[in-house]
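One structure, as structure tokens, below. Some questions next.
Per-chain residue numbering starts at 1, and chain names A, B, C and D are given in the order in which the chains are listed.
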Amino acid sequence: MEPSLVTSIGKIQLERPVMLASGILGISLDVFNRLYRSGAGAVVSKSLSTEPWDGYPNPTIFGINGGGWINAVGLSNPGAPNFAKMIEPNKDVPIIISLVGSIPEDFSTMVEQFKNSKVIAYELNLSCPHVAKVGLEVGDDPELVKKIVSTVKNSTNVPVIAKVGLGTTHYLNTVSAAIDSGIDAITAINTIRAIAIDVETQRPILSNKFGGLSGTPIKPIALRCVYEISSKYDIPIIGCGGISTWEDALEFILAGASAIQIGSAIGDNWIHVFNDINKGILQYMKRKGYSKIDEMIGLAKKS
Amino acid sequence: MSSVLPGQFAMVWIPGINELPMSVMIAQESGKAAFTVRKHGPASTGLFNVKVGQQIGVRGPYGNSFDLKQGKLLLVGGGTGLVPMMRLLTHIKPNDDVTVLIGAKSKNEVFFEDLANNLLKNNPHRVIVTTDDGTYGEKGFVTSMVEKLVNEINFDGIYTCGPEIMMYKTVQLAHSRGLFVQASLERMMKCGVGICGSCCVGEDLVCKDGTVFDGDHLISNKEFGRFHRNKAGILENY
Amino acid sequence: MEPSLVTSIGKIQLERPVMLASGILGISLDVFNRLYRSGAGAVVSKSLSTEPWDGYPNPTIFGINGGGWINAVGLSNPGAPNFAKMIEPNKDVPIIISLVGSIPEDFSTMVEQFKNSKVIAYELNLSCPHVAKVGLEVGDDPELVKKIVSTVKNSTNVPVIAKVGLGTTHYLNTVSAAIDSGIDAITAINTIRAIAIDVETQRPILSNKFGGLSGTPIKPIALRCVYEISSKYDIPIIGCGGISTWEDALEFILAGASAIQIGSAIGDNWIHVFNDINKGILQYMKRKGYSKIDEMIGLAKKS
Amino acid sequence: MSSVLPGQFAMVWIPGINELPMSVMIAQESGKAAFTVRKHGPASTGLFNVKVGQQIGVRGPYGNSFDLKQGKLLLVGGGTGLVPMMRLLTHIKPNDDVTVLIGAKSKNEVFFEDLANNLLKNNPHRVIVTTDDGTYGEKGFVTSMVEKLVNEINFDGIYTCGPEIMMYKTVQLAHSRGLFVQASLERMMKCGVGICGSCCVGEDLVCKDGTVFDGDHLISNKEFGRFHRNKAGILENY
């Protein structure tokens, strides 16, 4: 029997474990459709705010020689209301809406706006490392995280995911705060605060100076976080950070992730990466005799 | 950068100011490349003001390129959209019969006419300039000239780059007559490499799937010729 | 006039700004001599403890496909007394002794043992991410850091450097605690906690499971830390993390480092890396018209 | 791994147990490689107990290799140090006149004698076994036989791998007579790639500068033949 790629992240069920990470190609329903057709099990929108944001001036993204990217897009996004309108026609694509804000009400207002949209989950971005007053500045404050998660959980029945990253406090405290407040799953991790300097002009390359490091360089760190979270808490985890091959994807699953997200690898290998990973996982499952993703989740902790 | 294909672009960093997508212009000196910049808003003005010896950053080339047919070719360019057209002219075969259409609002915005004639000096060719106000060349929109030409001549390939409305009409005119046509699109670009999504036109990403698209494909794209996205990613009408 | 590579890290003066990082080839005086001859401005010893430590069983080091290393050597070292005896004959090499311990007395005891050795500075390892009770577990506790730094500063006139890394509290608090207690310089950063899993055998590769990520992947993060520290504090900084080319070295200097350390790049390019970097910096200085390293330190913060 | 040069090694991971440096043994099947493991402590026993089908990890090859001279060659091996010697035999030229010396404590520790004879079947050669207790072959230390041979024959190249004392004496004997000699050293290895420093012998790193060193060089190394470092990096006498 052909193994199945279906996976469950708590109450969220996906046909395939590989999804699109937030902020990557994530502003148009047409593109979401295309990515879904090319193998993504779900797509996460760009992080949306209550109002449209222009983001930072260019350069906003810098490709590192040897692998990886540093970005400070500045959370440019069309705003939750525009976005909600845009995805209204959606029938097929499992969309997860990523939200960013400073106070609990920002989040609950936006959730309200998506009431009539086909949304399979919300992902709270508690971990953007390069925009003031949102993202990590929120995630680094476990008390605020508790309030936000409780507020959102009270405003919707749709599952809510918290996306964490490495900030100035221990990310496991953020995870724990989110779990205490009823979160349904954790995405780990976001980009890691970084900088790149051009030695010729002697200045930081990104217009915002600091940005977030993503791609292959952060994989071993992201994988560590998934392993740590799954070792300490009983909560579904979505692994994210530097995944570009099926082996990478499996490392995350073996470390305890129920699903994974892909961002930068799309910049490296384009959108074929979804199907390449799906195929690779399938072949591995056949070879090793697994029939379901579930059978492999967390196996590396047994040794 | 000197071997960039027509249709490809580079991201040009003006330190302290901005980074912009730019078509790569041909240069007089072989082995070199150039940019042609139109002074517009703050970023392009910043690039315009760069002094000799001042360092800028260039990454790329990115994107695909025109599929160059042989025979009777029509190139339709406006503004800095003429840049990839000039580079295209360096790739034509000796026997190609080439018509270059240069559209401008007014006489003082006409450029590259001599360059085009020069690049085509060994080919059967003509270079036609139109100005909206009739201060130079033929009076009227460049697309009226396109219409006239496609009615007369069975072109083997039509290539266009410039204002989207111009490209939209050119694609429609050519496509409705069954002619092979390609357009090089411009959209808001941040990454240039298919990560950020800011350059999307319908389901296409201009930086990665383009900049060059077949008329066939564009005709079914709901956003081409109608909408583009601003910095926040909101659809705006052209 | 030929530019000069001489640099000062506070009271520590070096002929060349590139030194060997702790833990890399760092257990034998003969090797120190060789590295000094091949261009290192100073060498930092393996982190020493009061007693000899065997470290963890192999695998202790894992080379990541595509760049970078994960190690959990477990701070194996011959112990401070053995080491002090070994370097007694030293005349030429500027040696920095790296120390690791759990309580202030561990450090002061060891400093005492090096009294008669030619040591140009001590580096307190407050940041090893994979050994319990020492390293990051110390660095993550700013109060303990204060006590350790004060104790060591009271036991010696030799300059004392604190080596920080990314742990579970904000590393800038550790920096600040060290500065408050009179530290002479900061080394940033140590390896970053990470893991690698073998998908075939479905287990973590390192015997200790978790290890520290080093090499090119961490460069943008290390550089960010140097930039942040130098933007916030007036303290000499030694940059460390993923440096493998002269451009990398200059990025750190432009971000505010007075000197830099090289670790993993030796595994990638062998010990030629010291002279390659020295030469590259010299050529850059000539081309740009600098005569001293000092003129370049922190320039990227001006823009 | 099948094209590994004689003197190179691999790091062999026995999941859940340890990772050990191992010389790469020749295999019967072409395109394959093998390891020869001596059951000693927990790690090598772990490797020894690996079952067919069980997965181990192998990284490498690492290190340099022997500089193979032509003419009259002497190979001196003991224990698993015979492994690189066997691989060396697969690289000799048809006219080389090869003497292989195999040293062992006792009869039951003698191996590879037949293999050596077989690999040398088309060359002028002799394979001599010595045992300390005389239970097989010549009685006595293998280095006494080395002394005897270098006094008789003007070897073009001498190669040795095995217990350090054996190599030390062999190098001394050869070097004092001006003969070209190389030894492949063993030291505590963690990284295998010149990062951790655990394999140092004086200023040399066995994993990176070696495993093969010239006698000339070794003779001036203060640690060769005298000390090795334990897991903590402390010098211990041999």
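Please note the rule applied: a residue touches a chain if its C-beta (ideal position, glycine included) is under 8 Å from a C-beta of that chain, and two chains touch if they have at least 3 such contacts.
Which chain is which protein? Per UniProt: A, C = Dihydroorotate dehydrogenase; B, D = Oxidoreductase FAD/NAD(P)-binding domain protein.
As the structure is a prediction and not an experimental result, all values here were calculated from the model.
The minimal number of chain-to-chain contact steps leading from chain B to chain D is 3. The chain with its Cα centroid farthest from the Cα centroid of chain A is D.
Inter-chain centre distance (chain C to chain D, centres taken as mean C-alpha positions): 36 Å. Computed centre separation for the pair chain B/chain C is 52 angstrom, with centres defined by C-alpha atoms.
Inter-chain centre distance (chain A to chain C, centres taken as mean C-alpha positions): 33 Å. Multi-chain contact residues of chain C (touching two or more other chains): 201, 203, 303. Multi-chain contact residues of chain D (touching two or more other chains) are listed as 15-16. Contacts between chains trace an open chain of neighbours here, each touching only the next in line.
Contacting chain pairs in the structure are A-B, A-C, C-D.
Listing the residues of chain D that touch chain C in their complex gives 11, 13, 15-20, 43, 55, 57, 59, 190-198, 200, 202-203, 205, 208, 222, 229-235. Chain contact summary for the complex, chain C toward chain D: residues 23-28, 30-31, 33-34, 46, 52-55, 57-61, 63, 69, 71, 73, 76-79, 82, 86, 198, 200-201, 203, 205, 207, 263-264, 266-267, 270-271.
Across the complex, chain C meets chain A through its residues 64, 66-68, 70, 166, 168-170, 172, 192-197, 199, 201-204, 209-210, 213, 216-218, 220-221, 223-224, 227, 247, 250-251, 254-255, 284, 299-300, 302-303.
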